[in-house]
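Report on the following structure.
Just so it is clear, A, B and C label the chains in written order, and each chain counts residues from 1 on its own.
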Amino acid sequence: MTATGDPDGAADGLLAGWEAPVRDGLAAREGDGAEALIVDVDGFEGPLDLLLALARTQKVDLARISILALVEQYLAFIGEARRLRLELAADYLVMAAWLTYLKSRLLLPPPPPEDGPSGEELADALAFRLRRLEAMRGAAARLAGLARLGRDVFPRGAPEPLATTTRPLWQASLYDLVAAYASQRQRHAVTTIRVSRRAVWSLVDARAILERLVGKVAAWTELDVLMASYLADPSERTTVRASTFTASLELAKEGLVDIAQTAAFAPIFVRARAAAEPADG
Amino acid sequence: MAERGTIASLPGAAGLREHLRIVEAVIFASAVPVDTSALATHLPAGTDLTRLIGELQSAYAGRGVNLVAVAGGWAFRTAEDLAPQLRREQSEPRKLSRAALETLAIIAYHQPATRAEIEEIRGVATAKGTLDVLLESGWVRMRGRRKSPGRPITYGTTAAFLDHFGLERIGDLPGLEELKGAGLLDTLPQAALAAPRDEPDLFDDEEPLGALGEEEAAPADEDVS
Amino acid sequence: MAERGTIASLPGAAGLREHLRIVEAVIFASAVPVDTSALATHLPAGTDLTRLIGELQSAYAGRGVNLVAVAGGWAFRTAEDLAPQLRREQSEPRKLSRAALETLAIIAYHQPATRAEIEEIRGVATAKGTLDVLLESGWVRMRGRRKSPGRPITYGTTAAFLDHFGLERIGDLPGLEELKGAGLLDTLPQAALAAPRDEPDLFDDEEPLGALGEEEAAPADEDVS
């Protein structure tokens, strides 16, 4: 539908270039007068938009509009549209039903107060919604009329991105610091343990001592007893025994001592050998 | 001015001039508005930025390029009256449909607004694509959800919206006071006077969007009203 | 601004002034340098563009933004000498490497410490970068030189070090016993730990850094009280 004589008002309302003509469109509609409105419903954005357009035909301030007259106009419009068998969206019919109800409320004596809002209150609410819609239309038009970036005013065409230097902000907690110190003192402690030199009796030492000791003893003497004074330190006992035993074998081979052992693991006895006597051990 | 002596005894006119040059260069370099805190990072602490900007603004008044306050910051923009001479060079930005512009206006003046509130004002269901276009333009954003049944998404405008329409803050919307005075920004008659608010923080009756459900996965089908 | 006066008082009156504004706006808004033929399309035929550009160029001379000839056209560019002021500083939190942390800890506990002493404790050579990072962090400083053969540089911690690690004084660093008590050390090292000292004054076995040696050539020139 188009308000006749209003080429660019409601007809192209849906999506096409609206920004510029909006104010003209509103003005044109207001000037439209009370000519017959009905052609086509497509130009309206819903029943509220249609009501607003109809209200403008009353040529009065929306605040002083006759809601009853508006209801009559709307119902007449819908009736005409149905007579012409135009397709009407459901919400236009819903609005028509509601307006019929409003009309009855306005015409009939007021119902008991608990029966919901009065006809006047409902009419006021409708008038408010129409005023608000019109106000937002106006706001949209004013918004569209502002100097817009990229259309009316322009930003710097070749912005220069400012160089950024990153400065590291070092982070560490006291725990990190202390733990780092401790762990590396720990490592330090491990790496510097000094393994003390192990006391080892060399064969040469053992032989010298053994020769010296056995030289004085002609009777069979237990080797451990002979070396007793050297075996006192437990940490040296093994090395003393091993070296002494090896040295004793050497001396026996050279015929300087005799060695005797009664059984495996039994004590070992030594004695200096007399020059003439044959060994018997 | 009492401060005059003080200023004169500072590094001096040369220092002031240098600061002016820095402010000029920083704002000039940027295509988007620069706020004072960003400017301050380029200048010694305690620099009187308001004065510097005032100087700069009057230096550029009447020139082909002006220093304007927009979207909470400062930007150089070509002078409005030169639009006709410049337009031929630039391609026209995409036009908004009537429905989209109206929806944008309702969001701007009534924000935070839900889709149901927009539809209540327009008296018609919002066509698919209308909100998309606005979201895609970067002028409208989803703010959060209204703490009400159905937890509908609330919409509001962005800094890009202010920048595009040359507004310093949302309170500078044209005709705002008039509309407010007439009670036309209220959701219902007799409701408390309302004013649009685009602060980034959510209001008491809003909550975060939360994880995106399938409802608003694509901004198109977000109607949760 | 002086420049404004220049433009306003141009002999050509309103027409010339308007042409200047257009040239200014067109060059400002263009994404690429604008050549004179492109400028000419915005102005009446026969306009003396060379003169306009000359005027504009001198109006911007010495400002934070200059009109420069680039790539066969004209463009506004921020003044080159402002580059350092326009640079944005961004601090990025970064963790100290393990080597740096250990070195820092040794300096903290054993200060004043020479590089050789640090290496002896760590058992590895200190990479050149490690001490540089610590000096750059502001937590470590060169104190002076040890009065010993080779006059090695002594390192110590700074007030910023105490500040960052929340210590009131260097003596508040937990001692070896406390480290053991906290389970950070299994056994106590044989050698007792001398109390770390970070007093600004040089100790008896230290002497001033003096002339820059090859060792500390780079970051050395900070104060040694």
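One rule holds in what follows: a contact is a pair of C-beta atoms (placed from the backbone, for glycine too) under 8 Å apart; a residue touches a chain by one contact, two chains touch by 3 or more.
For clarity, every value in this text was computed on a predicted model and none was experimentally measured.
**Student:** Could you tell me which chain's Cα centre is nearest to the average position of every protein Cα atom shown?
**Tutor:** Given all protein C-alpha atoms shown, the central chain works out to be A.
**Student:** Taking each chain's centre as the mean of its Cα atoms, which chain lies farthest from chain C?
**Tutor:** B
**Student:** Taking each chain's centre as the mean position of its Cα atoms, how many Å separate chain A from chain B?
**Tutor:** That pair's centroid distance is 29 Å.
**Student:** Centre to centre, by mean C-alpha position, how many angstrom separate chain B and chain C?
**Tutor:** 36
**Student:** Mind checking the centre-to-centre distance between chain A and chain C? Centres are C-alpha means, answer in whole Å.
**Tutor:** So the centre of chain A lies 32 Å away from the centre of chain C.
**Student:** Any chance you could list the residues of chain B touching two or more other chains?
**Tutor:** Each of 26, 28-29, 76, 78-79, 86, 90 in chain B touches at least two other chains.
**Student:** Mind pulling the residue numbers of chain A that touch at least two other chains?
**Tutor:** 154-156, 160, 162
**Student:** Show which residues of chain C lie in contact with chain B when the two form their complex.
**Tutor:** Counting only chain C, the residues touching chain B are 1, 3-4, 7-8, 20-26, 28-30, 41-42, 63-65, 76, 78-79, 82, 85-86, 88-89.
**Student:** List the residues on chain A that touch chain C in their complex, please.
**Tutor:** Contacts found on chain A: 154-158, 160, 162-174, 176-189, 191.
**Student:** Across the complex, what residues on chain B touch chain A?
**Tutor:** 26, 28-32, 75-80, 83, 86-87, 90, 92-93, 95-99, 101-102, 104-106, 108-109, 121-125, 163-167, 173-175, 179, 182, 184, 188-189
**Student:** Using the touch definition from the top, list the residues of chain A that touch chain B in their complex.
**Tutor:** Counting only chain A, the residues touching chain B are 13-19, 22, 45-49, 51, 91, 124-125, 128-129, 131-133, 135-140, 142-156, 159-162.
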